[in-house]
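Chain lettering (A, B, C and D) follows the sequence in which the chains are written, and residue indices restart at 1 in each chain.
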């Protein structure tokens, strides 16, 4: 006999009409301890939820509220899934004891200079970073999230990349100044933007790079995470590419190996880092990650190779950009903030094939 | 405070290495009242589950057992996801009080002549048909499944088509002898068959018909279901097509309207049929089904149009062929057989976008 | 020794920034008798061609001109690929001896009432219909196009459907009042419209119907073509669906068989209709059309089945909606108008896999 | 008046039933100076061409011959598109004055040790390398191909990578020992192999790496090409990934910048290398390559970024793996060998969107 008891927590979502917001709602519908409260939107306020998110059958007949402090009041947890730069004002209007989980970039960066060079709004401060499994020089990041009342959810690329590389950096297996990362993302990563290059006719069957040469906003966030793992400054070459799939990130992350590092050293470091993690899977030797295998789940698949010929460690990772890359991490952080089992309501199985 | 209590039921899956079997396991992992027992396979017995189904993280390190009565013994529920013609022998070896749920075609048809014209194995008999929401001349099919110990899970196309048309037939809104159905299926519908035309390079970006002209095995099953709704013989023209997507069926189902039937009549018939169903959604006027919206869920989306010009009712439906079209229906029937809430453990939200 | 001689014809394209216009330019670049003149656009006038059509390498560094009579002057052939309703004014400004080939709907319909019920601009008249292979009660349509100075290029769905059904109608093999057509189109068929449901994230992996119940503008054009083949009024039930591919139309077209019609009768009618056509292939028995096989080509693949059980003829056809469905037909008509070999410059091989 | 004269050359293709062979035939059909002779296959000898390659309409009713010296005799040009290791024996049976163009790996490598570490057949020797545009320390590779009677066509990945990096190596802009390459390929790159991971249901919507850590056979070929450009030994870290598209390679190629190298230096080197090339396009600043834009064409799109922050040059390139990556290069080399205009019969426009 299995018995499950949940105190029901009332939760609101601001920005619920976007892809990230919709994914948060998808997960909340399946969360046994959550009562869904306000679903707020900007220009789509007043519309039927089902006309914007036809997959959200159980809440399809509800209507989006306006995004305002009034509608967000009276909830124990508020998720913010807003365009970058809009979270600070709204968060400021919420009481300190409300759990506020921001999926935007606004509170991720510690370094104000880095913020200013990539964003055009004022630096808003830094919240606890919502990546529980991140290995840092001071232990896992999880500790900063248990009982937290403000959480900055990581970007999708930094999730795939940081979880792939942090153990090698923390264990001192690689050089810190010669990191090259190339990642492919499904087109939902660009949000619901009405731009010609995101049309189905343009994206299906086609791959292209963007933000090449350090131009992508996720670069400083990746460097910040790896620096925390390394305990030293890290610089990376990061190239994102757009792949012909709706969801998923595949990251190929390489760093120069230190002398004498063996495959066994690497495997030990990753098993040590993730052996007890529910959502991070170091795959058996010879098995490689695929984004299809993590679709819709909160999982991260990892595999590495030691390339002696080129003197590099290559770590590949696969995540669903909308789940573990955004909304799944957000719900995971909510669970930690509320003292629930971290995995509650989160899918541990991908939808494949 | 929400409290959930479940008696844990031990469940085995035969044919767990295929797409249907893998999907059953995906759903069972999330089912709160199930303990997963034997996972049996044919030629892949002995292999790691994760090497065949990389998405099934929680059982990835298990190994497929052989498909035999010995390995299936000691379970309260046994799912069969075997090639057509192989279920009867295995089912015969299982005790009468075990819930046996067959995802093959073996026990679906009542008409032995129809069986013989489409299959080359002996007619094995007929089990209760696992489509709870089917409107028949005698009421919903659900009654035949509550407490059942043997269930024949419907085919994927018949699921999409029968739920789309049965209410109109039961309500006498259309003629029975002029039904035309064209349906598009994702390529997982063909199973994990190593055939050139199923390769990614061949299927991506391409659509093609198959089994045209009455040749598809699902035709007699569709006619059987519609005949039960109509209370009279029905004949259909059914054309399946292969679509460039992994999952999903979109069915376009048309029948000649009887005189004077109005849109209101049709809407009333469908609301009457499905108003209280959890998994079948008649969409609001002007909203059309999409397979993307039901991906990975047990949902059926429906919408219709009354075409006076052509004198036809057109009903379109979308399902995930592996979930509601196979494994979801199977788990739904297990719930009914065991006396659980019918929806337990079944996703009501699609994974979109 | 092969010797090819071509008088060079100067050709302009209005609406060259859209998908249809871009495809016309793609074909003209490979046409040995064409000199590409003005490439005109609306809001994208002044932009680099390559920034809008990155695939058109040989003209990438040119700039779109404005769409005006001035820029179109001085060309022997002018293609119009404009939004519906905009062709008439522009065409009126061009001299009578210029070959004007309109890819919009403006001049396709004969029946002013049908026009008014589907379009909101004034009826503009009727031009020779650009489907050379169409079998009509008066012979092939080709005759009306040789030497023509005005041509209305067919819609993409009507191309796939009419070529599929016309021979059966012309040969009197089917009833005229019970035609059911379901067709799937790639998303380029919707043009370069910035609408959420056309985003890659929404279209990939998903199929959905639209314009159900007679609402699609191509219905009267299909009925007009079939009526010309039948020599009698025809009404059709037509359901278009959106498929997860950039290009291609697969049409499944069924009509009630007359008594005693055999497979041989049908094959004879189609071989008679298309045996000498370069771009229409009746496939060998057992082989079915696929849109992938005609990608980028001017080909039409056809196959049929005689379904005695349902009493229907089922004809399936595959075309590339942008090539044979629009731009390829346009260039084919230009060749006929200019007295060139009809196939000049047109691809007869698809890009597959 | 344009006049084109071609001496007709009789051409055979061995391995015509595979993807590479099919693509060669696709291009030959459109080549104005070619008469297609024997189309040879292995296990599919005797089958109708159209049943294997439904897109090759003009030769669909021909039948594959057996692959033997007898069937290949009497042709002026023979293309070999065979599994690795099978070309040498067949090539040996052909007269010295026949132009033999091998699309396999057999004659690409100069270094026998490298061959032995990646292939299990005997080293067969080295033929002129079929990449006319390759910048080497001794000038363009084209010179070695004019009038050649034996040509080894490059691999698809080496094409995308070598053309992307060679100018920077030849101009001494980057270090030779810190090269990192990540490339994504469409699934046709794996050939028509009946393996589960290549099924449509597995590949659509999913990306995964393979051959990580130096394991891919194309690594020594890439290093050989870059060494020729650099005039010094080069070692690379190369990670290929499988992308959810039928065709196309997107390569992201990075190398450590030498001090004081500017964007202008890089642009000058690439314009110098490719300014007069018909098939290689250095895109305007701010425009990035996409595989969709080169689909079906013989084009290579290139763009670069100078990343001062990470100290790296990033060059991205897009090719169609079957066209410029295999069959297009093969026909281009045939043109050079026969003294024809290098571009004859080769598409310079992609099929997009």
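In this text, a residue touches a chain if its C-beta (ideal position, glycine included) is under 8 Å from a C-beta of that chain, and two chains touch if they have at least 3 such contacts.
Everything numeric here is computed off the predicted structure, so don't read it as measured data.
Residues touching across the chain A and chain B pair largely coincide in numbering: over half of the numbers involved belong to both copies.
Of the chain pairs A-D, B-D or A-C, the one whose interface repeats that of B-C, sharing more than half of its contact pairs by residue number, is A-D. Note on interfaces C-D and A-D: more C-beta pairs are in contact across A-D.
When chain centres are set by their Cα atoms, the one at the greatest distance from chain D is B.
Each chain gets one centre point, the mean of its Cα atoms, and the points for chain B and chain D are 45 Å apart. Averaged C-alpha coordinates put the centre of chain A at 38 Å from the centre of chain D.
For chain A, the set of residues touching two or more other chains reads 19, 186, 188, 199, 201-202, 204-205, 244-247, 290, 292-293, 295, 352-353. Taken pairwise by the contact criterion, the protein chains are fully connected, each one touching every other.
Looking at the complex, you find that chain D touches chain C at residues 1-8, 19, 22, 26, 29-30, 32-33, 48, 50-51, 53-58, 60, 188, 204-205, 246-247, 281, 283-284, 287, 290, 292-297, 299, 301, 347-353.
Taken together, the chain D residues at the contact with chain B in this complex read 19, 186-188, 190, 192, 194-196, 198-205, 244-247.
On the chain D side of its complex with chain A, the touching residues are 178-180, 182, 184, 186, 199, 201-202, 204-210, 212-215, 219, 235-239, 241, 243-248, 250, 252, 254, 256, 288-293, 295, 303, 305-312, 314, 316, 318, 352-353.
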